[in-house]
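Per-chain residue numbering starts at 1, and chain names A, B, C and D are given in the order in which the chains are listed.
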Amino acid sequence: MDFDLTDDQRLLTDSVTRLLADQYGFEQRKSLLKTPMGWSERLWSQYAELGLLGLPVPEEYGGFGGGPVDVMLLMQAFGRHLVLEPYLASVVLGGTAVRLAGDDAQREEILSGLAAGETKLAFAHGERQSRYDLTDVLTTATPDGGAYRLEGAKSVVLHGDCADRLVVSARTAGGRDEAEGISLFLVDAEAPGLARRGYALRDGTRAAELSLSNVPATLLGERDAALPVIERVVEAGIAATAAEVIGAMEAMQAMTLDYLKTRQQFGRPIGDNQALQHRAAEMLVAMEQGRSMAMLAAMMVEEPDAGERARNIARAKVGVGQAGRFVSQNAVQLHGGIGMTEEYAIGHFFRRVMVIEHLFGDTAYHLDRLADEVE
Amino acid sequence: MELRFTPEEVAFREEVRAFIRDKLPADTRERMRLGHKPTKQDTITWQRILNAKGWAAYSWPKEHGGPGWSAIQRMIFLEENLMAPAPELLSFNITMLGPVLVEFGTEAQKRHFLPRAANLDDWWCQGFSEPGAGSDLASLRTAAVREGDHYVVNGQKIWTSTAHNADWCFCLVRTDPRAAKRQEGISFLLIDLRTPGIEVRPIISIDGSHHLNEVFFTDVRVPAENLVGEENRGWSVAKYLLGNERTGIARLGTSKAAVRRAKEVAREVRTRGRPLIEDRGFRTRVAQLEVDMKALEITQLRVVSAFAKSGGKKPDPLSSVLKIKGTELLQASSELVMDVGGPLAMPAWQQELAALANEPAPVPDWAPAMAPAYLMLRAASIYGGTNEIQKNILNKAVLGL
Amino acid sequence: MDFDLTDDQRLLTDSVTRLLADQYGFEQRKSLLKTPMGWSERLWSQYAELGLLGLPVPEEYGGFGGGPVDVMLLMQAFGRHLVLEPYLASVVLGGTAVRLAGDDAQREEILSGLAAGETKLAFAHGERQSRYDLTDVLTTATPDGGAYRLEGAKSVVLHGDCADRLVVSARTAGGRDEAEGISLFLVDAEAPGLARRGYALRDGTRAAELSLSNVPATLLGERDAALPVIERVVEAGIAATAAEVIGAMEAMQAMTLDYLKTRQQFGRPIGDNQALQHRAAEMLVAMEQGRSMAMLAAMMVEEPDAGERARNIARAKVGVGQAGRFVSQNAVQLHGGIGMTEEYAIGHFFRRVMVIEHLFGDTAYHLDRLADEVE
Amino acid sequence: MELRFTPEEVAFREEVRAFIRDKLPADTRERMRLGHKPTKQDTITWQRILNAKGWAAYSWPKEHGGPGWSAIQRMIFLEENLMAPAPELLSFNITMLGPVLVEFGTEAQKRHFLPRAANLDDWWCQGFSEPGAGSDLASLRTAAVREGDHYVVNGQKIWTSTAHNADWCFCLVRTDPRAAKRQEGISFLLIDLRTPGIEVRPIISIDGSHHLNEVFFTDVRVPAENLVGEENRGWSVAKYLLGNERTGIARLGTSKAAVRRAKEVAREVRTRGRPLIEDRGFRTRVAQLEVDMKALEITQLRVVSAFAKSGGKKPDPLSSVLKIKGTELLQASSELVMDVGGPLAMPAWQQELAALANEPAPVPDWAPAMAPAYLMLRAASIYGGTNEIQKNILNKAVLGL
């Protein structure tokens, strides 16, 4: 048990913190939001140069070979600045899927491209009807020579509009809700029959609806047995976004404290109100409890015992979800009217936390899973 | 003590419900059923339908066009309207300006403005808040200097809801900057928004909507006859306005409609392999909200009855309880709706849908409206005196702390 | 809709308030607690003289013919003083059972005695294993000539130690959890085979364990079909105790405000702390919401639509239970150490509210029933 | 950053668990399993067993009899002891008096008192609180006047836990009533409770138990050599004592044991026709508590590690987070236990059971202990600085508000 950063980790956070302080001011971010793509290719290249895109990629594929704690530190920094680039979608979700399921050639090709900033990935699993159920897959894959053809649709695919390669799940056997019979495929963004409609989520990050009509695809990993991989990809996503929420909470807490100290009302700073002071203290308590849960998630991503891993990551999702909701709602409340506006940063953090809570299963969903396991 | 509605009250509710069912335009109804906000035209059309029926100025004295209802009837009417859900009456016109003019207005003001307000011929907005003032209203600085038969207004208002839709604005302005107390030296002015020197700038809210504005006044000339009450006594007018009957303050009908909507959609979406409506956690959350809404419904009846009993003179400090619980329920019920929406509630569909021509919408029809109310209603515990301020009021007025 | 008291109701509350102000000071109550019976025969006679024991008894049996609102007002006053006499057990529970199920002769005999203060009743339904399930009855009744013999045990029978006549439920048919087959019986306190072990609950009120061994009993109401009566008795109990909790909350709130205003710390009254002021305001909000729910319960006790009645009384139980828990916990908290002691009144109110929450089904129990009905 | 326990730490936990399993006396174990408080003798016996193993003075320096553990080991040890559940070490002896004597005591005091405290040969209690003082400790008034080689003590202490079991009391007394600041002029005295002039009066708690006391001092003569630290500098001693390592402050093991107990009994009782353990609402409540306990467990590790890293010099202000969340969980878990108990938890069984001779108990064996912890733990958010005071501390020390 050791909560200190290694020298490498300190170096990592320092350089990322410097980069973002310099490049990711709120106004800079707002202009990015107004671009059609909604994020910066230039910064993406800088992330590649800094080795961030290869952070969790094994060294043999040109990566840094970092672990979940490194990703946690990075995502936390990203959360503080509401970074818009497709790191979660591409490196965490897509990258984890390829790393876990790909054969040597696939890993070599794709992960190297990922680390170098040449390939962007997306993870296309959720469907219109599936909500949070990982086994609710209706998209189908039919063998076609050595490859497959996909038919169906995928919904709210994070950064699915800009990815070069898509990891797509589809049924090769079984019916809706069955755990067996799901497979993963690699689909080229330019593949015939693939239509993508990109849009912004409420926090400004991008996603897409995919429609797949006889789309050529390559199997990624074992046929019919992709569910365990999908679960681990989702777990990696939960851990990464949990860290992002911590960063967002830190930023909101700092802004709120600043506002309480400077905003005058009835001739004194509103932070003189003990009721607001106590609220701030409760936000701190929630944030620290949430931070602990984000650490738990990071600690568990590589845990070999699947039950232990799933249980604790579900707990982290619940704990971080509740902390994030409490802190973000109160950050808006303590800011008053200005917290409700597009022009002010708090509302952006608020919406990022809201969107994250509704990715990978919301608080109620994971609490219900945990209730199953009470014994 | 008789805690049940009288048969007359039950019949009245039925009458209101039937009227709304029959007369609310179909397109408005559908928009609102899906949880969207009414358009400007929806609001105008509906208020005029109600006004033709004699119901729009529901809280005004009969001689000024009110229907002459009891407090309980007013409450029933508002609740049914919210629950339908139908567009709300424009509160600036009906619950704010109207009663103020009845109490403080000149005959000419009453004759001209009241019927137009009831019929929404003029859309009013409220110019109270200023940058840096917030809950501390009395620190306002927008200046009005008397020059002959006009006031010349300079300054800035903020958080001005619907100013971009509005024709007129009732404003608090400082007419005597040297007054001994900050509350003195304030006047209440009616300002035509078409007057030169006024600029309305949008403030976009976190749900992406344009509802709020900044309003800038530069040498705006306002006829002196648009002063309401006496010069420098505008604070009493504002206090009267804010302390007015707050029948609708809890907006319980909106919470009820939201819970109903959440249940409808919960039949369409699934969780863990079955319809969400069958999920025990979801059902328990709904049951709890229904308990809290029932309690608030009765608390509201108690406050409304007590207010009516007092001759409508003294605002019940317990109306702060309505505000606190009412907004908590607005927030909790809109949160439920958002959670039911799940991942499909997260895209900012409104922009996407606006960009579509004849393509099929990439989303179930229920999805676009699942998150905006959650976002927008975070303001419910901020506007009209934050919930923290409401607790201060309870401490002072009820608990003596 | 009318929240004003009638003249009769005002008279009732005035006289009860006067009596209790005079006779039920905290010290007087403490001495009662130390007596073996745990309550005052003398006051019981005074209640009879004031007509309180006959309040909900029909006029034809010497009662006042009052309704649920009258009982609400009385119980609220009792709650303010933590009255120890067996009003709930005898008049509300026992009286309602006899009124609803008894034939003319039984009603004449028992309700007249009840109103006159000559007969005390108890309602013996719960069993060791039944917790809150009204259909979980294992005690059995076997016909014996025109009467019956009872065999079994009853648990936590409120004021079962002092009752003269007991209303006892038993199975005449069917098995555990079956709705059909439950009957009610009248049992004399002196009946052979009946053993009673009286004890105090944590709030000082009395209860008893009954063991029944071949006890002679008379049928009360329809055989096999007592469940609807039992449900209405429990509903009456819920409404009455809801009102009692309101009275207790009023007393706690008043004591807490007084304490906040007078208790000095760091050189000023602790009520100067805005955080504590806001807590007091939240207690007020909870109390008022609870009060509304107690009114709802009173309004619903005589509602003919059984579903509407059950649903709303369950809501009232939940609402009052939550309000009571919040107010009583915070009343203790704001009093600090002294609130934790037997010598000080707050702790007694706290425990009364706790005991009431665990009678007739607790908050979770009724919330779960309501969740069944969501549609 | 390595967030998993080392193999050594895992092995250490196993060692502690095995020791407790093997050595905790069976009757103590059974009493505690059922949720009862340990008897005085349970506590003494168990502390002596731990002391014989060298574990009782777990936080003291090695040269004074401590085991030389790391902060993480200390935390593991405490948690396993609470979770067993086994009687807690007497904190007055181990976490309060011991470290104070190590830091401030004379050689003679150390030599005499430390081994006796570790072995519970002396049962200590704490004489800090006074009537009217509460959280405002510095307003204490109990006076100690130096007369030759004695102090003569007059005054009153209150909320003195276990004073009726105790042999000695460490007290804060006022030795200079004319000091400029209230914090000056206070001294830290060790008082033998058998000294003439001391009267201990019970305060019965709302769970019916005798745990607290008032202690009256009338012309009590205390040898001057029982002064700890300098005269009039007792405030620093007290601050050291209160700011000491608060590894155990969250008492998480107790919450864990309570949730475990609730689940055990939930298998035995039924709700709505099935075992309570199968009730979704119950399971969800447990799942939520397990989430919160897991979070607190990690927060605790973080605070303990940071404290150890700082060389044990500076109490982490985040320990207020441990206090707040720890007590919230103690209260929530004991509330769960009470709710599981239901109606059978409501009788004051302890009096009844005490009155029984050989009759069968009128109650399942789990019932008597289901409510007392709920009642008693309402104090958890009051003692040791109320949770409101903890929030003030966070505001000042962390948030700068």
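Everything that follows uses one rule, which is that a contact is a pair of C-beta atoms (placed from the backbone, for glycine too) under 8 Å apart; a residue touches a chain by one contact, two chains touch by 3 or more.
In this text, all values refer to a predicted model and were calculated from it rather than measured experimentally.
K.L.:
Average the CA atoms of each chain to get its centre, and name the chain whose centre is farthest from that of chain C.
P.N.:
When every chain centre is compared against chain C, the largest gap points to A.
K.L.:
Can you check which chain pair, A-B or B-D, has more C-beta pairs in contact?
P.N.:
Here the pair linked by more C-beta pairs in contact is A-B.
K.L.:
Suppose each chain is reduced to the average of its Cα coordinates; what separation in Å results between chain B and chain D?
P.N.:
53
K.L.:
Give, as an integer number of Å, the spacing between the C-alpha centres of chain B and chain A.
P.N.:
The answer is 38 Å.
K.L.:
Please report how many Å separate the Cα centroid of chain A from that of chain D, as a whole number.
P.N.:
Taking the average C-alpha coordinate of chain A and of chain D, the gap between them is 43 Å.
K.L.:
For chain D, write out the residues touching at least two other chains, lowest number first.
P.N.:
Residue numbers touching two or more other chains: 280-281, 284, 388, 391.
K.L.:
Can you list every residue of chain C that touches 2 or more other chains, as numbers and ranges?
P.N.:
Where chain C meets two or more other chains at a single residue, that happens at 273-275, 277-278, 367-368, 371.
K.L.:
Within the complex, which stretch of chain C touches chain B?
P.N.:
Spelled out, the residues of chain C in touch with chain B are 1-6, 9, 69, 257, 260-261, 271, 274, 277-278, 280-282, 284-285, 288-293, 295-296, 298-299, 312, 315, 318-319, 367-368, 370-375.
K.L.:
Can you list the residues on chain D that touch chain A in the complex?
P.N.:
Where chain D meets chain A, its residues are 1-6, 9, 72, 263, 277, 280, 283-284, 286-288, 290-292, 294-299, 301-302, 305-306, 309, 318, 321, 324-325, 388, 390-392, 394-395, 398-401.
K.L.:
Inside the complex, what are the residues of chain C that reach chain D?
P.N.:
126, 128-133, 135-136, 155-156, 177, 197, 199-202, 207, 209, 263-266, 273, 275-276, 329, 332-333, 336-337, 339-343, 347-348, 350-351, 354-355, 358-359, 362, 364-365, 367-369, 371
K.L.:
Using the touch definition up top, name the residues of chain A that touch chain C in the complex.
P.N.:
It comes out as residues 273-275, 277-278.
K.L.:
Under the touch definition given earlier, write down the residues of chain D that touch chain B in their complex.
P.N.:
Answer in residue numbers: 280-281, 284.
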